[in-house]
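Each chain gets a letter, A, B, C and D, in the order it is written, and its residues are counted from 1.
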Amino acid sequence: MKILYFAWMRQRIGASSEDIDLPDSVNTVDGLVDWLISRGDGYAQAFAKRGVIRAAVNQEYVQFDHAVANGDEIAFFPPVTGG
Amino acid sequence: MKILYFAWMRQRIGASSEDIDLPDSVNTVDGLVDWLISRGDGYAQAFAKRGVIRAAVNQEYVQFDHAVANGDEIAFFPPVTGG
Amino acid sequence: MIRVQEEDFDIGAELAALSAGDTSIGGVASFAGLVRDMAPIDGTVREITTMTLEHYPGMTEKKLVAIEAEANDRWPLAASLIIHRYGTLAPGDQIVLVACASVHRQAAFDACQFLMDWLKTDAPFWKLEDTDAGGVWVDTRDSDGKAKLRWANKPDPAS
Amino acid sequence: MIRVQEEDFDIGAELAALSAGDTSIGGVASFAGLVRDMAPIDGTVREITTMTLEHYPGMTEKKLVAIEAEANDRWPLAASLIIHRYGTLAPGDQIVLVACASVHRQAAFDACQFLMDWLKTDAPFWKLEDTDAGGVWVDTRDSDGKAKLRWANKPDPAS
């Protein structure tokens, strides 16, 4: 599974993307976030305000109860500020 | 007094402007229109639908009860269609 | 700034000049009106070969200056521009350009629409369309009167 | 048409290309967003030296295509254009251009505002402002969320 991070999430985690093998126990965005937070302080800081973070699965916005599976492209980022 | 006509009023009257000496009896736009109509068929046709015609005195829109005096610049025209 | 002219104008150059040197500007909203090739005339859609714009020299400039001042009074604009052409134009030709620059995009959009609505109802221009049925003076559209009415109240400064 | 690019764009050339060859078009509404030299950051207005736009390649294009299709579904547009830049820009630089051409001016204006409102809330771009207090990620503005809400209902086709 490919995970992408943007803006200040990228900065806090220290990576713009990573390829991970999804543990069998993880099957939602929420579960993925819990698992990522367990990996270190950078993740914990990046996901501290979970309510403001947006997620996309395969380049479509999703809610955090959305399913995830190996092979998906997942992205996490702050609210967008384009235009 | 200078009188200007625009668009189809100009065409019906056959003049884009004229200088007239205002009779003493005429002192409103309405009175001026009545007097103009008495001058010939072209005027009568141009002012036939008096309700749709707009008037300006000294380049400001006015109602037909507005005063007119020698020295004023009066304009008559159909509803505007710019933009 | 307002201009009433027979010559064409260059939108890119006009918009660049409008915001040049003022980096407080966050956005520029603009509208360019073009001559259409077809128009409904007495219920029949007719092809337009040329359109001739007549105006009231003197009063036109006076009204445009007043309309622009009113827009600047209602919205916090950094710059504004109205260019309106007269004379004989062909389908596709540019008739009018309105542009408003502001720190905030909503002010720029609203002022731009306000100016267009006023131009349609208050600027002393008249359009004569040449068609295969002869020359036809364009009629006022009900929708233009309605569009203007929405500006009867000044905008809420908080919005 | 949508484009996501690092290079600058020429508004005059883009607008000319948008309406070229289609003389049914009555008007083109457009909005150009520029980098501002000042921004309120945590209650203090700070000078901006540069702004860096980050985006999500792939998803950005996908969302812009979808947003443009939605606008064309809601309004009768003859043509539409969204150009959004990324990379490092200076105050006064152009960030975004949205333009909509239509037979009717209200459709062009409404679609243009709709696209800008959606860009602000749904296009995956993030702005980093470099100031004398360091780099600061731009926060979402409440007013942008509110601006988007007005499009929750489709427009009345009769209006």
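Quick note on the criterion: a contact is a pair of C-beta atoms (placed from the backbone, for glycine too) under 8 Å apart; a residue touches a chain by one contact, two chains touch by 3 or more.
Since we're looking at a predicted model, the values are computed, not measured.
Student: Ignoring subunit C and leaving every other chain in place, which groups of chains are still linked through touching?
Tutor: No subunit C: A, D | B.
Student: If you average the CA atoms of subunit A and of subunit D, how far apart do the two points sit, in angstrom?
Tutor: Distance between chain centres, rounded to whole Å: 26 Å.
Student: How many Å are there between the centre of subunit C and the centre of subunit D, using C-alpha atoms for each centre?
Tutor: 22
Student: Between subunit B and subunit D, what is the separation of their C-alpha centroids in Å?
Tutor: Each chain's C-alpha centroid was found; their separation is 48 Å.
Student: Would you please write down the residue numbers of subunit C that are in contact with two or more other chains?
Tutor: 33, 116
Student: So, with touch as defined above, which chain pairs make the list?
Tutor: A-D, B-C, C-D
Student: Quick one: which bits of subunit B touch subunit C in the complex? Just the residue numbers, please.
Tutor: 4, 6-8, 10, 56, 59, 61, 75, 77-83
Student: For subunit C, which residues count as touching subunit D in their complex?
Tutor: For this pair, the touching residues of subunit C are 10-13, 15-16, 19, 23-38, 91-92, 103, 105-106, 108-109, 112-113, 116, 143, 147.
Student: In their shared complex, at which residues does subunit D touch subunit A?
Tutor: Result: residues 33, 53-56, 58-59, 62-63, 84, 95-96, 116, 119-128, 137-140, 144 of subunit D touch subunit A.
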